[in-house]
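In what comes next, chain A is part of two complexes: it sits with chain B in the first one and with chain C in the second one.
What follows is the complex of A and B.
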């Protein structure tokens, strides 16, 4: 026997397998099949945690995922989960669990002092108390953070593996109680592919608590047979799998737990799996939640939902108390009373709020014959402490009566679980008598069956699940049951607490410590909309999302308003249905798998040089090639100096490249490019810019006429995908009439750039048969049998060439050029040197100066624009704002007092004034030395020579600067020509 | 996540597609400035059925006209961009 409260036999636990676990440092034993809650209850533990705000002692309220109070943290280090419900953790050997929200210990909790001052922390306490300036708030924040929050966040990275899987089915059934199983069997019999998801580790739902005889079999046998039959017909059954979200077009996310919280996974390391199921039809058989009732001390350890008491008794063989009081507004709680009496507990009273003159069902009559049943009776208060209940007081026949008990089983009626139905865009219908919302209209292809649809009684539930699942299903083929308590619930909802009960200790939301008095106060203070009430009191905003509390709270608000519940309104049901581990949402997309890594074709060749790498979009490119002990800065400076004085070689294979051909190729490119293209001679190229429709510069590159009707267009590496989409959009949507074909040849061509005063010598030595093309001209050649295309274009400001070759043949081309350059004192250079060189030359770059906010005018490129217009962005450039004073215009900055201009700094006229501009890129004057930068400045074109301050508060650096033109090297532009 | 029936590829998840813009916001090269400003900056935000331009970026890469209800997310038609749509 694992503990004093465990029955000698019975239940669905495996008594041959004892399981050892730890709760709050103490070792306990349970059985395989126990939840943490049932195992602790079996051991006589009644205190599970402290409440959020008042640190009141709390026990376990429910037996399922709706549990608001018994929150624990499980595991440690990289396998740690806070805020797990003790009712939703199945124990395993070595489970380490702890209660939450108590300090220094669960039994002695200093925060419990809050309950002494509870009259002073009413609804909206934070809003009413913590007034004052920002400095005062910093102090408050410390205090609030100390006391607020539920479990502690993990401190280590998640150690486990998670995965996503996509699945498709004709019918997805959520929930495997009698309705769900009947529905799955019915759909399967009709030939549908079925997926059945059950959040519990066992199939059966309510049958696990209330066994019955179905189709002549015990419910255990019937469940086992249903499982076999579904699997035999190709169905997929997922247990420990929660339907967390219902999204558009019948996409349902299922979260499958392969390990319990804190548990080490099996050999594959997989902890959880997220199924993204696109279903032809979804059947929601999600059951109903029992509701608590309002009385004083309704949160004390020993107060439990009636159905939960029965579940612990029948499923887990645990008796939650030896002397019980039952408070109910329906017949179901009588099952609990009779089951407790059968198990040897005494029943102090059944307090039934319904009137005595109603028709009593056989179930009620049976209880009346052997137990003290009082109609029109209400519980006033539970009395007790962290050690458990010490009795109760009740209103019986109009008199206050004391009752002796150690357990109170509460049933305030049942609320259908409509969360997924509502996430799918459904509507609800209200039933005043039972006080419940059930599904009405649906927007998607879903049906709700069983208790979730408000269906009462086992035979009706089986029939409902069977017939709703398939249009082919015949009612006479539905599973049938023989059960002596196959009766309706006969709920008569009664939300009103006994007048003698103090509402300051009558809890509505147990997890966020919201009382009925808080709701009444909030209403008096004017919070009358349900959305306002929710946010002001935090009703339903805890991790349980108000599963047990929302309707009780709504009914309270409706009473204050004097309106019916449905007219008060409901808050929105949002995914996830129960808390979901972040790891399973991310799954494989963590660490190196977060983004794909694109490697240029020469990646391995660069790797042999041991460069410093830099990510550019998804690409990984060499940033610099340090020699010896050089750091990044030293290497990049050496590389740029070599380019300026001798020759450098760099890999530019990642540039965007597009082959544009056809009779209308030139007309097409004149739509794309804001510069003149049509007049380009064959064999010549031009620098070009592309604008967005709103007139801002989108990208820049070069355009080359390779044949009369064929062009090569290049664009930036980072913007290549966007440019590909833009070209496609213009070709297919804007100008489908043009006869033009566009091929994305970004990875077809690899390219090597050679730059420097000696670049021409390198090209001449590797391509001896070819005449070296002049600036902005191209020619084809042959290098060691590889066909090449040589473009004479300069980015660095030196005489330079880009030598293109098919990607799969670039290796010998690169090797030959690198060797030729090194033989005459040249070197390889990376992105950092490229950046230094382009800043010095004032060349703009996507993501730097081309930031989506700069027009060609702002960038000083007005003279390049095609005067005839007709390009995309031309019309928008007429917008008056582009001509107004005060625009940020591109300028250069030169440091004047030796301090380096900080990267990313803002530009001020004087300290502590508002910024008038900003630095986009800071570098150095390669030959002369000194810090330079590019950036934007209000009306910058007319401020050359002005002295300003570049200030970076994040780096805590300041430099005095002088405004210059945005070019610092070879202003006359002679270096890159012959 | 929407399920979009690409006329070339069949029903595919929204993740394969890219929303481009409402069909009414396509800017032609000859657009006047006021029309351009309306289409880019002061767009209508309809509640209900609306024609939109999408691209099956991670599928056939084709441009598609999608008739989608912005409120219910019902999609009643998906046609290639060069096909006429009822106005």
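What follows is the complex of A and C.
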């Protein structure tokens, strides 16, 4: 069960809980607390995957989220995640995992043939290969698509639930290593609301690999005590939670994994949660990534980062090799060598590229006393295959020396994890000696602590975290560690490979198969900018975004340029920090919750009529009420014809409605409306348009004077929210001095429209006590015991009324009107008929003709404008451009060859010419038949009678049309005037 | 609308309808507020605050504007009283149909309000007598904290069924996760 590489004891795994899992169809066992990588290593597995381009065999290189090579697919069906890092998946019973990017199997991968032709497919080969015309590219594209990509995408819908949560805190600490824990404790002690986010399943960070004594406690005890203290003071601790993105105003997105990839969630069904945290202050304690080094075969299974080797050993009780070579430019790798030696592995050599004449730390001196240490030494090549390492060659004392080993532990220094700092808009400072960038200036309320800030040594790290978290923190109260645990790195960065190493197999970016030779080639071909180099070679792309490769690549470019590293620049650090599932980004906004469905108050009443529904923004309104086997077109035509010949009833409750009251109400409305409305008599109404400040029409509606100092303003359904915001802006910003109140009563009032030659009869029958108001007049009444307000206004072109009632009492009003209409041959009508009727009458609508680009002049409404001006948009309307030739002006179109005019089509003077206009809405001439449309035409007002072509390439439809005035019915306006 | 009842965690209810009256003051604020305080039985709540005044609940909604929730029986009288007290310095409008009230009670109401939300419902200073306007699951919501254990949420009726359904599902998840 324990596997050939598992130590008999030790580690932070739970040896009492065996866990069974599957990798590439074979069953294995590990322990609770194992990562997939540690469990496979324990079982003697060294081959984890194949590289992207050359399909080279790859093992595991790291122990954390920076792993570039060991990518697996986890789970199946609707619970499946590709490109999961084996180092970042904790095993569970039943885990199904599979290697990827290989065929037919991991051990025998035909894609490996690419490795044989690698000399012919270096970086950027596709830029030199795939030439030719557009048709040839279609062929290339197929080939490239076949080769591209890593794991397979899921084929089934996600089975799990995801959730978004809002969270606020005084201090957000990202990372729970020694610096992060010290910072969280300090902030908490200062009375702050603290959130601590840790991407691992355990708190502790580097303390899990390198236990220490802190404040007299073992690190396990200190971590447990810190956890208790934070929780007791009301802090929130989120483990398995990664800070994926840092945005403006200290908004940080945290992705919390509640299940491992492919794992069935608990009873609540939640797989992941996205926390949107707004923090007063953010402390980044994100640690540092160890860097690989350049030597031939540095990607072979068995070559690992030194710190990872130590993590597998101490955290998971797994010995990654029995005979190791260590290559380093710092002291940290000596800890790995000593730990391996303690665990029974032999150390073939410690190859330290630093000079021998330096002052050696106690740690190095300890290693020198018991292990073969060579200074000024470098690894030349690793030798091995998919089955593991067979040895290595090194440059020791100027001689090429063969070494026997099955493990190479590499430490090329450490790069602070500055991703979130950079996402927050920070800058970096370069340290030449350690070869690293660390945070410099910050542009948000954020600070970086510990190894992420380039702080070296445990005691300094604890002090740094403690003091940076709170201005109240006193240094003497900071946690302290035992002196033996205070190990400095003493890095002397050395980017140069041994001269004998072949750079064609010295990998910089393991995930994208970018070698040092590729980078040199790109530079020789003129790619001097780091951004160009990245795109030419794919350095730093894909799922790991160059976490282990970027700085090594930069250093290589800097060498070619003969410039210092900082001067060659940096690529951009973009969110997400690690890959994020689409599921957690969408969260609840799927299915029924994709967006809210706004239901009109009469929704259930309409539903009983089984209408065809139409989404209008968030609203769902009846589009038509089909009878029998009618389709939409047939139903809408019948409904339109009934309105034209008898009477129709429709629900207009969703219209925007605003109660405007006060002694200055008329003055306020004359600011809002571009027509004359202030002089309306009580009981009268008027059609109006509202302009934006730039003079464009933003909406239309009606204004009714219900009392001397009270008006009802209506606007379109689609523009209601925008109009509410506009009114609020004008009230509070432009005219705060006015004595006026504006209340949004859109949903307080519901309304039923009655239209048609018999509409007056319907109103008279349901409101017998009230004199039927004449056009653009209003009256109050009582219908079925409900107080009503009847407005005589027409949108259809027929005599029409809108009967308003409080929305919670509209049901009997609707029922009475619908019955009265049906009793005399009328019907209900929906949005489709409404659209047909308004097109025929040439009435404009928001989203159609009111498209944000049309002025009142363009819409033929100039005569309505108040001559005295004073309304919003009036000043901008004086711009000469509004009167210049060439403007798109609203016209009508009539089909001349019997074909239907395609809605949204372009209008051309002749085939294959540039469009001179477009169709905004098309419909049927209800009485006469034939296709009609509204639209815009360049200089359209002067082109009446011209023959044109309406062409819709997307629908592959064409119709010959004649330009007309935009009114097709009752031009004189007799019908609606009684 | 469905309901979620987990009294030890969170319960969602749609209370009986009430009258909602909006009033706005545009001039002589101090005098107008004084007259209103006299007829309502106490001072108007300040910015982002709410208060019980006699049988009515007063909620600040925006600059110089408040909402009064009262019983259907008292609605007309309250509207008339408000109109009289406001005089020439403001006006009142019946908004009863414009907002639907949902009541969320139980110890987990704050947690529920963080789901699909952008507002700091867990802030301890957001206690009884506090109000806030926010968006939850794309729906406009005004929150009025009634007590440590209870909050009223007001949303336009057209949004209410979906929002209520959203909260019911979230409440069930909270219950399942216990």
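What to note about this one:
Following the convention adopted for this analysis, the second predicted complex is superposed on the first by the 944 of 978 C-alpha atoms of A that agree within 3 Å, B and C clash if a C-alpha of one lies under 4 Å from a C-alpha of the other, contacts with A are read in each partner's own complex, and residues count from 1 in each chain.
Here, a contact is a pair of C-beta atoms (placed from the backbone, for glycine too) under 8 Å apart; a residue touches a chain by one contact, two chains touch by 3 or more.
What you see is a predicted model, and the numbers here were worked out from it, not measured in a lab.
Of the two partners, chain B and chain C, it is C that touches more residues of chain A. By the touch criterion stated above, A:879 is placed in contact with chain B alone, chain C being left untouched.
With both structures placed on the common chain, the touch criterion links A:168 to chain C but leaves chain B unconnected.
By the document's definition of touching, of the two partners only chain C reaches A:619; chain B does not.
Touch criterion met: A:247 reaches chain B, while chain C stays clear of it. By the document's definition of touching, both partners, chain B and chain C, reach A:732.
In the superposed model, A:278 makes contact with both chain B and chain C. Within chain A, the residues touching chain B in one complex and chain C in the other are 278, 732. Those residues of chain A that touch chain B in the complex are listed here as 247-251, 278, 425, 443, 671, 693-694, 725, 728-729, 732-736, 870-872, 875-876, 878-879. The residues of chain A lying in touch with chain C in their complex are 161, 163-168, 266-270, 276, 278, 587-589, 592-593, 595-601, 618-619, 654, 659, 661-663, 709-710, 732, 738-750, 806-808.
By the touch rule above, chain B contacts chain A in their complex via residues 1-3, 13-14, 18, 20, 26-29, 31-33, 36-37, 40, 53, 55, 57, 61-63, 72-73, 81-82. Within the complex, the chain C residues that touch chain A are 17, 22-24, 26-27, 63, 65, 88, 90-91, 93-99, 114-123, 137-139, 156-159, 161-163, 165-166, 170, 172-174, 176-177.
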